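First subunit A sits with subunit B, and in the next complex the same chain sits with subunit C.
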Partner chain A sequence: MNPQAMLEFARGPFFYAALLFMIFGLAYRVFTVVALGWSKDRVPNKGSKASGVVKTYLKALLIWPFIPWVKNTFDRNPLIYIGGGLFHLSLFVVVILGTPHMLVWKSLSGLSWATLPLPIVDWTAAVGIIAMIMLLINRRINPVLRLISGPAEYLSWLFVFLPMVTGYMMTHHLWLPYENLYALHMLSVDVMMIWIPLSRISHFVFYFFARTIHGAEFGKRGVAV
Partner chain B sequence: MTAVKHAYDTFIHETGGWVASQLEACTRCGMCAEACHFYQATGNPEYAPVWKVELLRRAYEQRFTLVGGFKKMIGIEKEITDEDLSHWSELNYHACTVCNKCSMVCPMGIDLGSLLHGVRAGLAAADAVPADLMAAVNKQVKEGSPLGMTDSVWDQRLEWVADEWEVDIPRDVKGADTMVVFSSIEVMKFPTNVAAIAKVLNKAGEKWTVSSKAREIVNFGFYQGSEENTKLFLTRVLEGAKELGVKRIVVTECGHAYDALRWHGANWLPEANDFEIIHITGVLGELIGSGRIKIKPGAFDGNGTITFHDACKIQRKGGHIQEPRDILNVLAPNSFKEMTPNREESVCCGGGGGVIAVKAADEPRYAAFQLKIDQVNTVGAKTVAMTCSNCRLQFTDGVDHFKLDWKVAGLAQMVADALVE
Partner chain C sequence: MPENNGNNMQGKGVSRRDFLKLSGLLATAMGFTALPPLEESGLPAQLNQVAQPAEVLMTRALETKQRLPVIWLNFQDCTGCTEAISRSVSPSLTNLVLNTLTIEYHETLSAASGFQVEEAKKQAMEKYAGQYILVVEGSIPLANDGAYCVIGGRTALDILKETAAGAAAIIAVGSCASFGGLPKADPNPTDAKGVWELITDKPVVNIPGCPAIPEATAGTIAHFAIFGALPELDGLHRPKTFYGKTVHDRCQRRAFYEAGKFALSFDDEGAKQGWCLYKLGCKGPTTYSACATIKWDQGLSFPIQSGHPCLGCTEPNFWDGGGFYQGQSAPLERPAATAVGAALGAGAVLGIGTALVNQAKKKAKGEAK
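What follows is the complex of A and B.
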């Protein structure tokens, strides 16, 4: 298959198939979890569950990612806070505020928005790639992370790293012809989308369950989240 | 293989959407380890909370998820074995106090404490509970108390406390408003606590009583993780309360018992909602706040720095965080100093969750206590106040073991000593 045909396939039928697989896969996972049933909490509250939930989201989305050193565990493993934080920041900036990606969202949803200038997005992408490498090294060095990491954890790392690095190479026309890089980038994105519902990358969905439960549990006891 | 089957069945029984959605949220970032006092103290990676819940995760994924089933099929994931059960029994009963500090640092907010309790449930069903902890459970089933506080011992002890400290302890009074349920740790080891609480309630003019039926608040079934035993011990308390027709149940200085009755009781036994359930720390705050009792300001100043140890089940999981501070700021306005971290982020004593009842857990338990020693020494405290007898047991044992010159004090006792006549 020549690069042009490969690209057409990777951004055409394969892309849509992977996207659908991801969406339905995640929906299936959420459905099976919810279907396990939720027992009713009959214990009377001391504080307010709702206020606990609101507070925990505010802290987790607006405070901790940006000033992680307020957590007293920060000093014990700063790499994971900094690496994890920068990776996610890079991800959001590149995937949402990068012009080419915004155009993909636009073609899918019809919505468009202002994007950041390329140099900013580009530097953020580089930071994200470096953060990913830091996180991998940390995963190999830290005894707890070594213990809890199996093939799935390393595959997750790889399937996220490939789209990042091929995207970066594409922007800078590194080593291979542009079309080949574009095809590789799209292929790696497709593989990642297929992998997401099969792996713990899906935490971005279940995060909302855990965070809500956390807020409710602490809130009902009248304890700061 | 029957033990393994019981474990699987219980893990699966424990895994509703509430548990499953949290297991699914885990990214395996390992951050929870950094919050665990046992990991901090020993550096043993197996003490990471995420690893302690591994069996629950395996059972869930193998039985409920396609990926888990596939992983088992190709051999990446193994069935739980008898060896796994005994190994995880050590990790969970020797080096976890279910203090839930880990949930405070989890970036996903996973309520690890509840999941760890779920692991204990499976281990309990498989009879993989340390023998000495199990002996205490069995003693509570048979004699009504893990510390041997039988009917006659209870009678003698209460009479002796009433005599010794010249305090009236109303017993089995029908129609009282409040039933106080002590822990046998207090009755047997810290009897001054019993006298102190009696003195405070009498002074406040509270219509209160103790019950011979509901004489033990300690719940070793909850440590064990057995729903059946937990319910049995809770039922004894609730039946005692029902018999006397009281409106509220006061749990004295016992952490896990408060957690079990106040925050889980009604989910197992709906009749728990017939009563208001409150911890003595809340009662003290109420009585002082409303002026029903008066304490002498500065009564504890002048004897060196006093600090307060937050118990996992009474402060972090119980919400009685402010009352002890308000009280200590009156009792010792010049010498009360906070440790860091404190309040809901406090470092656990290391003896809760039944750990102190397991002889083989002494090593990690003393190691974890060293974090507490550092904290107390950093503020330079000579007295450590607390609201949990189990913490107090760990502290008095630790003070003895490490030959420290601190005083360990129960908050109720301090309030009683400072009552204005």
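What follows is the complex of A and C.
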């Protein structure tokens, strides 16, 4: 299969199938959780659930990322905090604010928005890649992390790392011709999309469940979030 | 005086100055500053001096080489590639292809027609067996036993196979002859094929493009005329000289891409400022062609310079490579709402089902206790 044909496959039928599988898989997992229902309130609430939810989101979005010392994780292992934060920021900037990626969203949803200049996206991507490597090294060195890491954790790392690194190589025309790298980039993205519902990368959906439920639980007990 | 390219052209009213200009043009187009190893080319020893500027060598080579017989076949095409060459404003280039090279057969350009021209072709094939260059323009249909393209009562495939058998080399000019082009676009009703899919026992060079850049066609033919061999090819059988770099790499608007300045519609401020057309669907990053360097009409302009995104016409299947005005990074197909709905629905039903089964199991377990 020549690179052009591989690219057509990765952008065409494989992408299509991977996207539908991801939608199916995430729907399955979300509904298994939703169908569990809310736990019943067995005693009168001490505070408001709603305000607990609002507070927890505000804190998670506005305070923790910028004033890290309020979380004790920062004291114990700053690398996870900083590396993880930079990685997520990088992912957001590249996938949402990078021009080629915005055009993917546009083609799928019809919505478009302003994007950042390439050098900014590019440096952010480099930071994300370095952060991922640092986090992997940390996972291998830290005895506790090492103990709780199985094949699924390393596969999750790999399936996110491959699209990032192929995307970076493609932008810089490193080693292979552009369309070969583009084909590899798309193939790795397709594999990642299939892997998402099977793995903990799906936390980008379940994060909101966890946050909402924790917020509500804290709120009704009148505990500081 | 022996008949060669030099005196042939002078006899047809091309001045020495024009001939030198042509040689320089070809040398530049083929990317020569000094000529590559010449021993295998069979050139006289006095030409084999690397210190000489390429155009001088080119001039002498063209002057002294014998005329090259060319048979030009048209199949499922629009004759746009012939038009591009014959209407090329460069008079010397047109002369090279139309006069210097002996075009023995060409449906559009041959003065004769009907059985007479078919007879002329037959004679040329016999006379120059194993020596002539076969140029093919247009794709070859295979469906219904080739009934979609029949010339003189014979199918395109039949004619191609017969003519290819005696050719020294085959040059597929344009996207149709190279990769099937427009006739091959989905649903490809005629089962159109490119030449290299059908002829595997002869060297086939692809000069894709819609139309092919005249300088690329002429340069490749001239390369064979001068060196007696084909130029270096890439994986898709395209000469690396003309198809070695992407349009994006050589694009004058590239700086705007890097700076993140894009035209968002064809009449906005960005378009007026000449910003990058990537968001308007430009396929430049994956399109290998000399379009941005050689350009058209004697280097006057090319599509992107004129404000239109690259369609990627030198790449296989470009008609089916996503919308022309859709960003290149976008997936080729957008899942239908029904497909997304079905995936969501199936996931939801299965998810709720699993949850209910689990609840029932848990309840049964609790009761059992």
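Note that the second predicted complex is superposed on the first by the 221 of 225 C-alpha atoms of A that agree within 3 Å, B and C clash if a C-alpha of one lies under 4 Å from a C-alpha of the other, contacts with A are read in each partner's own complex, and residues count from 1 in each chain.
By definition in this document, contacts are C-beta pairs under 8 Å (C-beta built on N, C-alpha and C of every residue); 3 or more make two chains touch, one makes a residue touch a chain.
Note that the coordinates shown come from a computational prediction; the quantities given were computed from them, not determined experimentally.
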{"item": "Partners on subunit A (subunit B, subunit C) - clash or fit", "value": "fit"}
{"item": "Partner chain in contact with A:Gly150 - subunit B first, subunit C second, else both or neither", "value": "first"}
{"item": "Arrangement angle, subunit B at one end, subunit C at the other, subunit A at the vertex (C-alpha, nearest 10°)", "value": "170"}
{"item": "Partner chain in contact with A:Gly215 - subunit B first, subunit C second, else both or neither", "value": "first"}
{"item": "First, second, both or neither for A:Thr32, with subunit B first and subunit C second", "value": "both"}
{"item": "Which superposed partner A:Leu111 touches (first subunit B, second subunit C, both, neither)", "value": "neither"}
{"item": "First, second, both or neither for A:Leu103, with subunit B first and subunit C second", "value": "second"}
{"item": "Subunit B and subunit C, minimum CA distance [Å, superposed model]", "value": "5"}
{"item": "Residues of subunit A at both interfaces, subunit B in one complex, subunit C in the other", "value": "29, 32-36"}
{"item": "Subunit C to subunit A touching residues, read off their complex", "value": "235-236, 246, 248-249, 257-262, 278-279, 285-286, 315-317, 320-322, 326-335, 339-340, 343-348, 350-352, 354-356, 358-359"}
{"item": "Subunit C contact footprint on subunit A (complex, rising order)", "value": "2-5, 7-8, 11-13, 15-16, 19-21, 23-36, 99-101, 103-104, 106-108, 115-120, 173, 178-179, 182"}
{"item": "Contacting residues of subunit A [partner subunit B, same complex]", "value": "29, 32-39, 41-44, 46-47, 56, 60, 64, 71-73, 76-77, 80, 84, 142-153, 198-200, 202-203, 206-207, 209-211, 213-215, 217-218, 221-225"}
{"item": "Touching residues on subunit B, where the partner in the complex is subunit A", "value": "15-18, 20-22, 24-31, 33-35, 39-40, 43, 45-46, 48, 50-51, 64-65, 67, 71, 76, 103, 105-111, 114, 262-267, 270, 273, 315-319, 321, 340-341, 343-345"}
